[in-house]
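Both of the next two complexes hold chain A, though its partner changes from chain B to chain C.
And then the complex of A and B:
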């Protein structure tokens, strides 16, 4: 198991190198020379040239990439073209916000999805199933920004329970977490339902019931545990997505997360910020995927056995 | 039965969602009168109040990108510089006259070439330990020469002599009548040589203003604290926060909920909410930002004056205001910003007339269907305006292709030396000096023996005769004659139509009812130095 984890961690290196190169290549072909975005309208050719030198934009794509990786190894992600602030500092300032939002979002999503999905499966084709599926459909079809605005109007303006936006402590994460979580819960509800339906008809559950195990225990201890693998997979993917930033929710709720940092940086052709933020996010996502794989092993002994081999 | 249940549940859910979305919020209107300059000045008698709200939070749409006054020219940054720094002189928002800033007085030599400024003694930078001296002015202006944002403002400066700690003389190469206006620009804010040398990044953040930077969290907020040691009257508010709300609806709701005191630029479709809320105040003033069709006069077809006139006649400015600004704007026919010295109010107008546009196209020698142009746009409202133009041009036989781009990409194309564009819907925001406007927008300079367009000359106009007119107006000391010279420049531009002016919009601001003390400028560079909420 430890060898597997070490192997996965080592695989991070080529992944990060590849991601960094891809970002470099994409930003290189994207329309808009960053120098023109940053220099003033009266910039002379000499000033533009000096700026290119200062920004490390001189040289071929490969030369710049190698230079970047050299700095990256030393933990230097460069300085923002726009704000002149250290990219690592700016990212680290935003990361806790994104982590807080991501974790609470997943709590909301799982807290809604598992009970709804299990109820829907256990009571297939009943009114409860219908309610669950309609709620899931609503969650999937409601655009994030619209739901966000409705929640702000109702809970912030009408009731005054939560702040409208910004980073003002725990209360300000609740509405964005519900907004993003509702969409994720929808998909997870449907996955839970279908996974449970697959498991619920298995012979071993019938046996458990025949042996007198209570229905509650049959569902919680035998059915749900065996249905968890696809749910964990979806959870992992969703968590990774949220870690990358929920740009719409961050915009509506003025939440200073990583997603908005990247989008704003792309708008301004702030290459060091885009590259640095995406490399660090890739690292995080890869670690989350590794964590998901480890959880698989604990949930399903068969997978653990495979890892050991 | 099963299907019926589905339907009922779906209806219930829909009703729930609709009920949430139908919350309507109450609002009221109270418009403050604008001055002749267009600025809305909320005067506050500081002696009449003994207590003020400690913190004022301003909900803004655009983030601060730098705190170095010479590294940017965006409105958002300028408003921060106004709090933290001072310029030698400043512009009276009511009259547009030059009034003292950091310099308490100045003298101009008879030939108009030498300016001698006098500074008060004992001025300190906001760090509380660094004294200001005339050397800092020299350092700032020398530094500006290397800045791509500020160099044009000091291009006429040939000598700066520090007489003593409180006196400096600045000599120009020509009697620039707008020199003081240029020195009032926030990009010319005075920096500390000692602080900038010690810390190149954060040194320029410190000025001699009424406030100092407290904390900057890019993408979230920036706060400023009162400079308790300011040499004059200290600000009534202890702390001012610019809080970023990119989404206009959230920004407005934050104002309604009382979380912020000022909401900059609420969406025009939401203005009624502010008007109808008794606890809020809606401030509106015409925006001087000139929205125009940049025409690259060097491109085939567009180098023909009759084609450019055809574009002017085919521009339905009223419809553009309607689709671009929800009707909240004014068609603009001048080549400089409204409110600027020398604006010719009775300029001949190219009224929207497709028959005249067709006639001009015929005079150009091009046949209908022969010309296709590309227009670049970077914002939704500009794209909507381009659609209006596209429909009208198609009626006279000119094809218009709309290229939607991100702002960074658009700026890159406009500023690239290749100048590979034809048309672009763009804006000119710097309305402080007429010379600065005409020189930048239409002027050119000799470089390597040939005329090359100036920085913001999007028409790519290289017209020696026009340059002479601009140069002559700049040094004319008789005000009336100088004004006439700008009228002549506008007439000349109107004849050659280097660009097509479109329109200006309105500046909208929502505030709490008790907010006062601010100066709401038509340039959108508002002055918050005395903003406050009196508590008694």
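And then the complex of A and C:
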């Protein structure tokens, strides 16, 4: 198992190099030459050239890429064109906010999806099933930002329980987490339901019942653990997504997360910030994927057996 | 508690099970009576689809509802009327007083728990011991069924089919049940392993004084292990009695057909004589005797009314109206 984890960690290196190159190449094609906007319209050709030299924009794409990776290994992602701040510092300042929101969002999503999905499957075709599925459909089809606005109107403006936005401690995360979490819960509920429906007719549940296991434990202990793999897969994908930042929710709630950092940077053609933030997010996402694969092994011994082969 | 059970571990009157599906009503079990004495073994014999497994599930009250509907006049296990039990009380007797060995060992074990955990669960639930103690006793059970206790921490996928069936047996026997329902415990196994598993079950039954219902379509197994036999066809018992009576003084044409379709070792050139036709669709049972359309002895009268089990003598009953005729007999040669 440890060998497997080590192997996977080593495999991260080529993945990150590849992704970094892609981002680097795309930004190069998309952004054009940034010196014009920085130096202003009156700059002479010599001034522009000097600026290129200073900003490390000289050389072919490959040369610049190699230079960039060299700096990356030392933890240097360059400085923002716009704010002149260190990109790594800015990202690290935003990251805890995104992490907090992401984790609470997933707590909300899982907390809603698993009970709803399990109930729907256990009482298939009953009114409880229908209600769960309608809720899931609602969550899937309701635009994120709109739900956010509704929540603000009701809980912030009318009841005054939560702030309308900004970052003022735990109470500020609640509404954005519900906004994003509800959307994610929808897909996860459906996954839970269908996965549970697959498991619920299995013979081994009958064996458990014949042993005298209570119906509650048959579902919670015997069935759910077998149904977890697809749910964990969805969880992993969704967690990766929210780690990249939830731009809409961050905008609606004025939440200073990574998503808005990237979007703002794209607006301002701030290439070092965009590239740096994307590379770091990629790193996080690949780590989450690894984590998901490790969790698989702990949930299903058959997968663990494959890893150790 | 004083038990008024007439020396019976199991008494069932008029058990009816039907599955109400979208396509129609599947009549799986159509009014059967069962009586089983302590330490006795009953062989429940019949083709696939005769309602044997459904009968066993109904005894455990495990017929899935919906779509299953169970009706029963009397269902007593060890003198207790389990029809009145709520789900908590049922959980208390399942696995302890009455337990079941399932047909397909490949799917009967939970893939995400170790076999030790799965055996221990039953012990932990019913004997109220600590988890450590339960796991230790699970190890004992494994050794009892011939698996080294060191394998208790392995998962089902690490075992062969025969070994899994042993684990299933160990789970069923973990709390020394008084009544064991064995649902084709050897069908999924290789012939060589079948004999081993049967031998094992026989030994364990003797050791723990367990009463057993052996569900099978294999008459050889019945001959080896059972005291009494009930032959099922389309959800009804068509012939029942002691092993000796049913095997050597066969009465029902269907039972005869079962025997005739066995290969004859003494005469290898003889062709097999299968019972012609197929088991009727339980959604659309023929009127009268359900076996009549396949029966060589059937008359017009057979399709008129459902025959009831009638005593031939104390230890033998048959459901066939042709026996109303004094000189009716079937052709079957006595093998011995």
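As a convention for this text, the second predicted complex is superposed on the first by the 297 of 309 C-alpha atoms of A that agree within 3 Å, B and C clash if a C-alpha of one lies under 4 Å from a C-alpha of the other, contacts with A are read in each partner's own complex, and residues count from 1 in each chain.
Throughout what follows, contacts are C-beta pairs under 8 Å (C-beta built on N, C-alpha and C of every residue); 3 or more make two chains touch, one makes a residue touch a chain.
Just so it is clear, the model here is predicted, and its values are computed rather than measured.
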{"item": "Combined model on chain A where chain B meets chain C, clash or fit", "value": "fit"}
{"item": "Contacts of A:93 with chain B and chain C, given as first, second, both or neither", "value": "first"}
{"item": "Which of chain B and chain C A:214 touches, first, second, both or neither", "value": "second"}
{"item": "Touched partner set for A:286, first chain B, second chain C, both or neither", "value": "neither"}
{"item": "Chain B versus chain C as contact partner of A:189, first or second or both or neither", "value": "neither"}
{"item": "Touching partner for A:160 - first (chain B), second (chain C), both, neither", "value": "first"}
{"item": "Contacts of A:105 with chain B and chain C, given as first, second, both or neither", "value": "neither"}
{"item": "A:83 touches, of chain B and chain C: first, second, both or neither?", "value": "first"}
{"item": "Chain B versus chain C, judged by how many residues of chain A each one touches", "value": "B"}
{"item": "Distance in angstrom between the closest Cα atoms of chain C and chain B, superposition on A", "value": "15"}
{"item": "Touching residues on chain A, where the partner in the complex is chain B", "value": "30-34, 36-37, 39-45, 47-48, 51, 82-85, 90, 93-94, 125, 127, 130-131, 134-135, 138, 142, 145, 149-150, 152-154, 156-158, 160, 163-167, 251-254, 256, 260-261, 264, 267-269"}
{"item": "Contact set on chain A toward chain C in their complex", "value": "202-204, 206-215, 222, 225-226, 299-302, 305"}
{"item": "Contact footprint of chain A on chain C as seen in their complex", "value": "57, 60, 62, 87-88, 91-96, 99-100, 102, 104, 107-114, 118, 121-122, 125-126, 155, 157-158, 168, 171-172"}
{"item": "Partner chain A, residues of chain B touching it in the complex", "value": "2, 5-6, 9-10, 13, 17, 20-21, 23, 25, 63, 65-66, 68, 71-73, 146-152, 201, 217-221, 243-247, 249-250, 253-254, 256-257, 259, 405-417, 440, 454-456"}
